[in-house]
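Read the structure below first, then the notes.
Chain lettering (A, B, C and D) follows the sequence in which the chains are written, and residue indices restart at 1 in each chain.
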Amino acid sequence: MTFRVAVAGASGYAGGEILRLLAAHPEVEIGALTGHSSAGRPLGAVQPQLSSLAGRALVPTTADALAGHDVVFLALPHGQSAALAGEVGGSALIVDCGADFRLRDPVAWERFYGSPHAGTWPYGLPELPGARAGLWGTRRIAVPGCYPTAVTLALFPGYAAGLLEPEAVIVAASGTSGAGRSLKPQLLGSEVMGSMAPYGVGGGHRHTPELVQNLSDAAGESVTVSFTPTLAPMSRGILATCSARLRPGAEADELRAAYEKAFAAEPFVTLLPPGLWPATSAVVGSNSAHVQLAVDENAGRLIAVSAIDNLTKGTAGGAVQSMNIALGLPETLGLPMNGVAP
Amino acid sequence: MTFRVAVAGASGYAGGEILRLLAAHPEVEIGALTGHSSAGRPLGAVQPQLSSLAGRALVPTTADALAGHDVVFLALPHGQSAALAGEVGGSALIVDCGADFRLRDPVAWERFYGSPHAGTWPYGLPELPGARAGLWGTRRIAVPGCYPTAVTLALFPGYAAGLLEPEAVIVAASGTSGAGRSLKPQLLGSEVMGSMAPYGVGGGHRHTPELVQNLSDAAGESVTVSFTPTLAPMSRGILATCSARLRPGAEADELRAAYEKAFAAEPFVTLLPPGLWPATSAVVGSNSAHVQLAVDENAGRLIAVSAIDNLTKGTAGGAVQSMNIALGLPETLGLPMNGVAP
Amino acid sequence: MTFRVAVAGASGYAGGEILRLLAAHPEVEIGALTGHSSAGRPLGAVQPQLSSLAGRALVPTTADALAGHDVVFLALPHGQSAALAGEVGGSALIVDCGADFRLRDPVAWERFYGSPHAGTWPYGLPELPGARAGLWGTRRIAVPGCYPTAVTLALFPGYAAGLLEPEAVIVAASGTSGAGRSLKPQLLGSEVMGSMAPYGVGGGHRHTPELVQNLSDAAGESVTVSFTPTLAPMSRGILATCSARLRPGAEADELRAAYEKAFAAEPFVTLLPPGLWPATSAVVGSNSAHVQLAVDENAGRLIAVSAIDNLTKGTAGGAVQSMNIALGLPETLGLPMNGVAP
Amino acid sequence: MTFRVAVAGASGYAGGEILRLLAAHPEVEIGALTGHSSAGRPLGAVQPQLSSLAGRALVPTTADALAGHDVVFLALPHGQSAALAGEVGGSALIVDCGADFRLRDPVAWERFYGSPHAGTWPYGLPELPGARAGLWGTRRIAVPGCYPTAVTLALFPGYAAGLLEPEAVIVAASGTSGAGRSLKPQLLGSEVMGSMAPYGVGGGHRHTPELVQNLSDAAGESVTVSFTPTLAPMSRGILATCSARLRPGAEADELRAAYEKAFAAEPFVTLLPPGLWPATSAVVGSNSAHVQLAVDENAGRLIAVSAIDNLTKGTAGGAVQSMNIALGLPETLGLPMNGVAP
């Protein structure tokens, strides 16, 4: 059985990655592809890497164009999904790669996004305890943000095991594709090559409330998060370096055991063997996350590090993984586990 | 039906890419993996990107280890394949990613490689006229060099159509993975990032006689080649900028027609629409080649440009594509057509 | 004696590099700095690397703002210098980093730039035979284009010595800063990192007529040029790979002797010792050019390669070098000879 | 008056940067240059960026070679300086860029370096309170490590003002030149380009005790440090993201005032205006440090970020700055304040 799939926002980086994965997915037929300023152009002119779909035409993003599909992916700027999702309606599975339906707290939503809260959909991070149950058969999926995917995988086992103080300090480095195809001077190649720089410092990044939500859920108490994202001179990848004080009495081997248990059955998360540390290159183009941890006895802290491809596991791959679950397909179908390296 | 496959040299860049492709190939079962200094280590320690095979052990490279497989890939330093291939013998399909069996001219071989010529095997560039016939059912395949793959695809249609003077000038830029995992100062990240540099200037690069062989075959006469490779600050990709004078009377539209005809039925070669030019990023991780051409009326020259991923279409992908043909499988089986970009 | 200097276009990449050099120049006092959309902002907000000038204000680009200076640098988009230069007038030394006054042939100008020809100023490539004489005491300087600087240095000695056929084939790789700070999708970091791509293929690049002019001047006859620029994943640097057939009877040692003679007394051009080849990293941030050559006996061609920093020797450094000559200062004053590497 | 200077370890990255700076220093004459495996070769063969010194010969590293100079820079692997310094002796100013004389605590030294403690020399971070007094007229200087330079500048004003809890969490990204020219697979361009990865996680990096020493000195109490270094895909630069809880009652404006006061008179440290954040590109090739801070009210933490060039302010520039002070020269003499960007 084949599912007919539409992609809204097919001209962006997330949309392109969704299509790269869907083109290799055995149970999917690619239907409408929509764009904004690129509508009317062939896909090959804006996504030259999609050789197998180069001749497909982009049409304007309307509910009509998206109607009549089994699955609709929304890869739109934050705040545009809610209205469109309402119009598309029907029985289609709608997978929103934007932020609109991720947060449960309307106050947090309005503070960080400045618009009315649209609601909350099942959260597409299957590795979280209980998350798969919420995805089976669902018709609506909120795909996590890229940073929250990386950070949550690095920290939730420690919080779920009750081994960490509720105060996390996170510094993450992202490739530039995380900022999308926006024409800003600081995203020009001349500016980013050879340079590392922070942004949204001091708690202002919009992924912060999502991090708080995920880690607090895992801990069963409110977790304070200090989150500093940095822009790294690479196209893809997130390296999240996360730390928290150990609860009194918590031991390094308890922590390792908690992580081993959390990821033992996960097809897309590798807890690396001792001595190996994640590198973003090892997961580029794949839906895999690599995780490693260490306890700094002197500082009394856990340091947990994860690496993902922000466009794959962090967006499009996570979306397809959740789609597979919702549609009753094998969870790993059509998803690469091995990275493109070196 | 599943073919059991061994990979000799699984710890190198080419070997890793072969395994990335084989792990996603539906008709293949991965058998022995051999290495040299890495023998005894788990694959995950040297190829961290291969999450799905991380626990597999590397064994020493011997004929015994390679025995009993349907297919054996050799991804070894140049000059080591011939001896090992002789020992393996038997009915296995041997796919040599090294140079040992590419050249027909023993004099050229000895001049560029300094050892006795081992022979010539069917050449694994299926896009060349007549090449597929030589690959059907074969038990031996010589995989082309990465530069020869890129350059030959860019120029052979013009030569085959008799439209070009037999004197080609080629400047190609390669990512650093083309040099393998050798520990040389000039390959350190600190040296290559932010830098372009030529090497092997003046005709000394070992791929030169292979270029001469391919272009001369296409032209039906001896073609002189000036080839300058350069090292570019990227891990993967070859951009080949190739030019030759037009024969008197040759017209731009004849050339375009020759290229359209040459690639019309090719699944892995895209002649880009007018106005679009190849970029290596668009083919990274894929088995696709992108080609475009222009005629400089003022200079009286054709400029043809191709982009490939040196490790995929330029090595491992080309090898698997030829394996598919030799085994009677669909030629595109298990091979990605779309690049990992941005 | 100190010269008071204004910079029009101080917010661009060329303007920033001019200021970096002038800030370290012992005989210069920095006066007015003008910008377009950045007028009114402090320099530090648009050129954060200029720590020593961070508080200086940018003012709108007008003739009034530029009046009253001993030297005025124009770092403006092509076609804007001529009008402004006319208004500034007076006895100031005007150094134009744009193309407006480089070409002698009005037909070539109009064909490539599409506007009326404004005239021709003394050409600021002091290494060319006779060029210094034209710069002594001049009040007007046309700074060469970045590609013409690199290519001319690589080829003029061979042409001046009468050893080369009048048909040059050039492939050059440039860092992205050569395209300036323009907000184009293909210049985004996500697109350029990890990618090589050509542009302006087939003779369309605006630097082509300048190359023809320089090489024809050196040869004393009309030289045909095939020029293909490529964009490389680095911020700075040009590597020009240039070739031409040897004249009958021309020998490799004659060529080397011609290059040695041409550069023996040049402070900023290093003909590398045999066996070493230029790398752009070795000249980043410096006003040096590195040159090397080889003769491919089989192909009958000279391959000459040069490396420069497109913003320093290719623009701002060449401009200051020429300014020094025009003002009667030591030619090397304030100009770095050593690159910032690794 | 001119000082005659020798450089031991002139073939490494630190040695090359020292020479780049010395070559532009008006009061210095470059004497003996020593190397290990490169002894006997011309400098241009190993440091091609040093065009002005290309013909200088490298000699073996011996006390004899270094004798008879006014200043001797040691840019050697950690642990080699102490013995050599003892042999050179005499009245020369010895500037050690290694770690041998940085730590006061023999126990910490032996734990992290595994050899007997050689002693402690005046510490070459002039921006630290009281540090300049220790450098005036000294004959021995211990140049700080690159990470400690970046981190200390980011945090000491807050600690010195008594506004921060004594528990710092630091994540820093470094360019690959920080690892020197060592031939390790993980430093190959193919591995580092497009990749971020941590190392020395959990307190194991050798710069940790130096961080503890500096921050504890500033705080007047023992400060616990959690330090995670990461390798970034760039040649140069350190971005240090540092955080600590605010002491009860500490306010954001007090913190800003403390930083303003600490750096008001510092020629090489720029506290950026509000809204601008450090980027490593802005300081490449310069002796400048850029610092910015924010208070995350929700997390109750200061986030302070600094950017330096690890080879310049982080090694060679800091060394020359301290040399200037020791010799009674103007502190900024010969040191670039402006970065090479874009």
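The rule is simple: a residue touches a chain if its C-beta (ideal position, glycine included) is under 8 Å from a C-beta of that chain, and two chains touch if they have at least 3 such contacts.
If you're wondering where the values come from, they're calculated on a predicted model, not measured in any experiment.
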Let me check something: if the centre of a chain is the mean of its CA atoms, which chain is farthest from chain A? C
Per the definition at the top, count C-beta pairs in contact and tell me whether B-D or C-D has more. C-D
In whole angstrom, how far does the Cα centroid of chain C sit from the Cα centroid of chain D? 35
Taking each chain's centre as its mean C-alpha position, how far apart are chain B and chain D in Å? 45
Pull out every residue in chain C that's touching 2 or more other chains. 13, 175, 177, 188, 190-191, 193-194, 233-236, 279, 281-282, 284, 341-342
Chain B to chain A touching residues, read off their complex: 13, 16, 19-20, 23-24, 42, 44-45, 47-54, 177, 193-194, 235-236, 270, 272-273, 276, 279, 281-286, 288, 290, 336-342
Can you name the residues of chain C that touch chain B in the complex? 167, 169, 171, 173, 175, 188, 190-191, 193-199, 201-203, 224-226, 228, 230, 232-237, 239, 241, 243, 277-282, 284, 292, 294-301, 303, 305, 307, 341-342
Listed in rising order, the residues of chain D that touch chain B in the complex are 13, 175-177, 179, 181, 183-185, 187-194, 233-235
